[in-house]
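Before anything else, here is the set of structures, which you'll find just below.
Two complexes come next, and they have one chain in common, subunit A, joined by subunit B in the first and subunit C in the second.
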Partner chain A sequence: MLTILNPLMRIVEIPMLALQRLLGINRLAWAFLLPNLVLFGLFAFLPVILNVFYATTGSDNVLLEARPYIGARNFESLTDCGNYLDANTCREDKFWRAVFNTIWFVTLQVGIMVGFALLTAVILNRDIRARGFFRSVFFFPVLLSPVVVALIWKWILQREGVLNAFLDWTGAGGINWLVDAGWAFGWSVFISVWAHMGFYTLILLAGLQAIPRDVYEAAEMDGASAWRTFRRITLPLLSPTMLVVLVLALIKGVQTFDEIYAFTGGGPGTATTFIIQYIYERGFAGAPRLFGLAAAASLLVAGVLVLLTLAQLWANRRNVDG
Partner chain B sequence: MARVELNRVRKSFGDVEVIKGIDLDVQHGEFCVFVGPSGCGKSTLLRMISGLEPISGGDIVIGDEVVNRIPAADRGLAMVFQSYALYPHMTVRQNLSFGLENTQTPKAEIRETVDRVARMLQIDMLLDRRPKDLSGGQRQRVAIGRAVVREPRVFLFDEPLSNLDAELRVDMRKEITALHRRLQNTMIYVTHDQVEAMTMADKIAVLRQGELEQFGRPLDLYNRPRNLFVAGFIGSPKMNFLSGRIEDAALRLDSGETLSLPATGFDLSEGRAVTLGVRPNHLDIAEGGPLPLTVSSVEQLGGESYVYGALSDGTDLTLHLSGQVGAEVGETLHIAPRGDEIHLFDSDTGLSLRRD
Partner chain C sequence: MKLLTTTAILTGLAAGAASAQEIRFQCYSDGNECEVYDDLLTQFEEQNEGVDVVVDVVPYQAILENLPVQLASGNGPDMAKITDLGGLNEYYLDLTDYVDTAYYEDNFGNTLDWYRAGDRQGLYGLHTQLTITGAFVNATLFEQAGVEMPGEGATWDDWAEATTAVAEATDATYPMAIDRSGHRVAGPAISYGAEYFDDEGNGSFDGFAPFAEQFVAWNEDGTMARDVWASQGGATYADAAQEFINGEVVLYYSGSWQVARMDEQIGDFFDWQVIGSPCGPTGVCSAMPGGAGIVGFEQTEHPEIVASVIDFLAQQDIYAEAAARTRNLPAHAGVASQGVEFEDSSEAAQAALNAFGSDLENVSPVAFAYQGYAGNRAMFGITVERLSQAIVGELSVDEAMTRMSEDLATATEEAQ
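Up next is the complex of A and B:
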């Protein structure tokens, strides 16, 4: 093998030596990193910077040079409220409706989803029959595209849908699930949990399996009840995994858009309009196209997410060291 | 009184029977060691006693009570695991307290007990640390402390020293023995190391392939092994085995030499195929000795010497001699077993031919 590789390496070596002589050994590292840095810079870092420019400039023109600098005015219009708890008193009332919807949605969705994911993971971690089958079943929805998820549930929940057909047949009578604001919101939470829970179950399952078996046996010998073992052994040892799950679920929760947009279109009214949908509509769907406002809103969302993540990391560190 | 009695205890995993009906009686206060090669079922047997592993048949009696259906926590046992199995997220104090908290012991009492045990095991300065900040030896002490705190009727040790380095192992061996003297509890200790077994045990149970080969005091096992397996397993270096046949009340070896045998003590049926067992320290270099040994290597340790070699038919022999010897590699020595220090086994059944 080496005898084949050696001449090849020689060939590579010649330009590399030349390059090294030209750049110096330290700068050569940057030359190797360059391709990746260019891609990352172009598609991740540059958009963030551009976003700041858009957020601080006005007009509906997409060309930066044609956009006048307006300072923090976009942020001011977003945050101009008589009473922050009442969206009707805000200039951008739709923004605040989306914010409140998102807060409610994320709280319910993350809470329910992580709770059930933990429960499912604990059950799947036991020696139950057909464990492999159930593990796949719970993971299966994760493989579906968001639009497919939305269409499946729409097919079930629309006025003439499968669920109502069943309810009519039982004599209970159908409900117009997607027209009632409360039901639409509730079902949005449900399908979002349904679609994503498997992913978090999988992570938690991996975390559970990383807990050594003999620690449980020691607890058993120590006379700990099942509940106490769960609370004093499983949960603390799972907490690093739990943190990852919470941070990921929270970020993904705030980013919820496609499946609900395809499911309810944000309605009825604004009942299921979340913050990303607001940004999308302000920036790309409505007329005039308020890029500045959309950019400002997305920066606010990013800021809140960073704060929440830092808070969780801090809480976890205290938990581990304390 | 916490004696432990096993009556025809069996364990199967699917079709594989790993414990094949073991009878054993460990008296109150005894230090009993289960020893055997890896895979012999010693750890499984310990786990069956502990209740962590359900049994497939027979009875386990602890004290006067059949505990087959009693959960591990209620058997009044404490176990020290090979991996220590400390709770990694708890401090040493919390590790020691956990078992007592589970039994609703008052806080002040827990504190007092933990402090006392920690002082006894010299881990009192480590109480606020977590397992990851401790050395292997310290973790071992915490694991033992966690067992002591619960004041169990019986202590179970599952190869507790196998993760320690050699020097620490010798120290911990002494400490566990001292702990036993102090607490006077029944202790069952699993190891694959026959030196540990010999030095620590009141009684040794030698296991092989799920069966009890012999159960008795260490020196009884050493002096009167019941079969070839025990003879070969107990004692270091291993016992030498020479095969032959009984002819005219003497032993005719396969290598051609004839050894005279003691007239009494063994069942010497004419023509029987037998295996002679003789320990390396029971062989002497003797002028005119019956066994010609071609020396292949010599280890001189100053105070003692080991001579390795082979008989004419290739049978390997080891001699352990006190003092220093003048043997050279390639030289032929004449050696002789000390008359009353030999063992005879039936070559077919492996059982000892000793009469009593």
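Up next is the complex of A and C:
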């Protein structure tokens, strides 16, 4: 084997040595990283640059050379409001409706989901019967495609769906869940929690299992109650994991689109239209295609996501530094 | 020898590839259209050796959303079946130099304008599917309720009253339903006074408010199926065909393309009929024409072949066969004047298609102009979004009207 490889190695060695002589040994690492950097740049940085280009140009034409420069006009359109708390006073009212919906959605969804994920993880961390089965049950929705999740729940909640059939059967009478803005929003939060909770439960479970048993044993010997143990030991030691879960859930929450779009289409009206759907509709589903407005909105969202990520990094560092 | 054989095979393949001219035809179906075209185009391929017309069947959503992006980026198909007739004009292949234009003017004169926009006034499309909006009525429910069906010239108000009485008497869920589409409400809106154009011929929502007020009120009081417009967001299309088929809706306002579906799925379940378009308070009883057509694209490498494929489908015998097999109203004057014996159609379906056909004379010129307006796709979308917001209470009708005008101004500015 070596007799075959050695000559081959020598063939590779010649240009490598030449490269090393040319760049020096310290800069050689960059030469090895270059292919990856080029690919990364192509798929990560180029779209960002293109996005900036689209955000600062007008027209419904997708070709770059056919788009006139308009400066910050798209950003001005998005942020032109009489009163930022009232979407009706904004020039791009649908953007602000989507922003408010997203803020409400993320607040409720992340709060409820992380709370339930923690509760579930604590329960599943105990020595209960059929623990493996329950762990699978809670994780199962994570494996489903977002569209499947949406269609299952649509089937259950539509006017003549399973839930209304059951309510009719009990004599309670059905409700038109997806036509009422409040119900449609509430169910959107519920479905999102149901679909994603398993993933965060799993992360928290791993965090719980990393807490040394002897700390609990010492607390037990000292006669600490279960609640006190949870508050004084579990929560503080779990906080780095909680932080990761919180930031991941926040970022994922802001990016919510597919399952809710397939579930309600953003309706009734704009009740469940979130920011990513707004971008999609502005850029790709409507006529004319307002690529500039969509790109400007997506840059604003990217800015928010960068802030959330920086917050995570800061909090992580604060945790590590004690 | 082995090398020779391989070379011979490769050469043969290369020669074959060079001689075969492949035409990609992006097609969507309301019923069986793509299947029928694929079959008819086999005859074309037999007559034109070396030409391979590949019919790529795609969902309607792909025609609406993906095709414009493909065309803008220069990666579109050679030809396609489309519904945004004026909106995609900038990409169309002008057939003038390839076909007998007099034949098209004689037979498709009414629809050729729908494919033209701005300075581009050539010959671009073959209108394969003439559609017209109108109302389907569940006659059995009327009979069961003992309510007399309003006669010719009846207004929307008359129908609202009658269908409400029928729904109450028969426990039908909804008296009326209209598809969630800006195109579908255009006919009724014109009957209520919508002008759709300003004095300079630009798109406008002038005169749309009376219909908007009535439509929102009907959705609030339960006369209209609120589910159709309120349970969706954005400009997403939704119809109430299934509710009508299930016998839950007394009057369903949609269009002639639904006849085949009604025929197949209702069967003997109940009696249904088409009553055309009810009249508005202004005395106008307009429907909205429309439909689909086949166009070639300038970016094709084989303009002559694309033109000859379209011309083949435009010939009277082929067109008549396609209309009969797809059960679509013909836009071809010669075929229409001879009459079409629609294949596999029941008596009800045949009567429905005839009713739609005869309602064409009631279509307002505004409706014809609106159908041919290049900006109509934007106006349809704006109508759906803002009207839905008014229905669910996010906006008042006045606010919705103001927003519609503003949205249209933005769309017009961006499209320039």
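Just so we're on the same page, the second predicted complex is superposed on the first by the 282 of 322 C-alpha atoms of A that agree within 3 Å, B and C clash if a C-alpha of one lies under 4 Å from a C-alpha of the other, contacts with A are read in each partner's own complex, and residues count from 1 in each chain.
The rule we apply is simple: a contact is a pair of C-beta atoms (placed from the backbone, for glycine too) under 8 Å apart; a residue touches a chain by one contact, two chains touch by 3 or more.
All figures in this text were calculated on a predicted structure; none of them were measured in a lab.
Visitor: Quick one: on subunit A, after the overlay, do subunit B and subunit C clash, or do they fit? Just give me the call.
Guide: These partners fit in the superposed model.
Visitor: Check the contacts made with subunit A and report whether subunit B or subunit C touches more of its residues.
Guide: With both complexes superposed on chain A, more residues of subunit A are touched by C.
Visitor: Go through the superposed model and pick first if A:N176 touches only subunit B, second if only subunit C, both, or neither.
Guide: After superposing on A, A:N176 lies in contact with subunit C but is clear of subunit B.
Visitor: Examine A:M242 and indicate which partner it touches, taking first as subunit B and second as subunit C; both and neither are also allowed.
Guide: neither
Visitor: Is A:D60 touching the first partner subunit B, the second partner subunit C, both, or neither of them?
Guide: A:D60 sits against subunit C, while subunit B stays out of touch.
Visitor: Which angle, in steps of 10°, is spanned at subunit A by subunit B and subunit C when each chain is reduced to its C-alpha centre?
Guide: Approximately 150 degrees at the subunit A centre.
Visitor: Give one of first, second, both or neither to describe whether A:M197 is in contact with subunit B, with subunit C, with both, or with none.
Guide: Touch status of A:M197: no partner.
Visitor: Which value in Å is the smallest Cα separation between subunit B and subunit C when the structures are fitted on chain A?
Guide: 49
Visitor: Can you list the residues of subunit A that touch subunit B in one structure and subunit C in the other?
Guide: On subunit A, no residue contacts both subunit B in one structure and subunit C in the other.
Visitor: Looking at the complex, which residues from subunit A come into contact with subunit C?
Guide: By the definition above, subunit A touches subunit C via 58-63, 88, 91, 93-94, 97, 159, 176, 178-179, 181, 184, 264-273, 277, 281, 284-290, 292.
Visitor: Inside the complex, what are the residues of subunit A that reach subunit B?
Guide: My answer: residues 212, 214-215, 217-225, 228, 232-233, 236-237, 320.
Visitor: Mind pulling up the subunit C residues that touch subunit A in the complex?
Guide: Touch list, subunit C to subunit A: 65, 68-69, 72-73, 84, 87, 226-227, 230-236, 377-378, 380-381, 385, 388-389, 391-395, 399, 403, 406, 410-411, 414-416.
Visitor: Would you mind writing out the residues of subunit B in touch with subunit A in their complex?
Guide: That would be residues 50, 52, 71-74, 77-79, 81, 83, 85-89, 98-99, 102-103, 146, 150 of subunit B.
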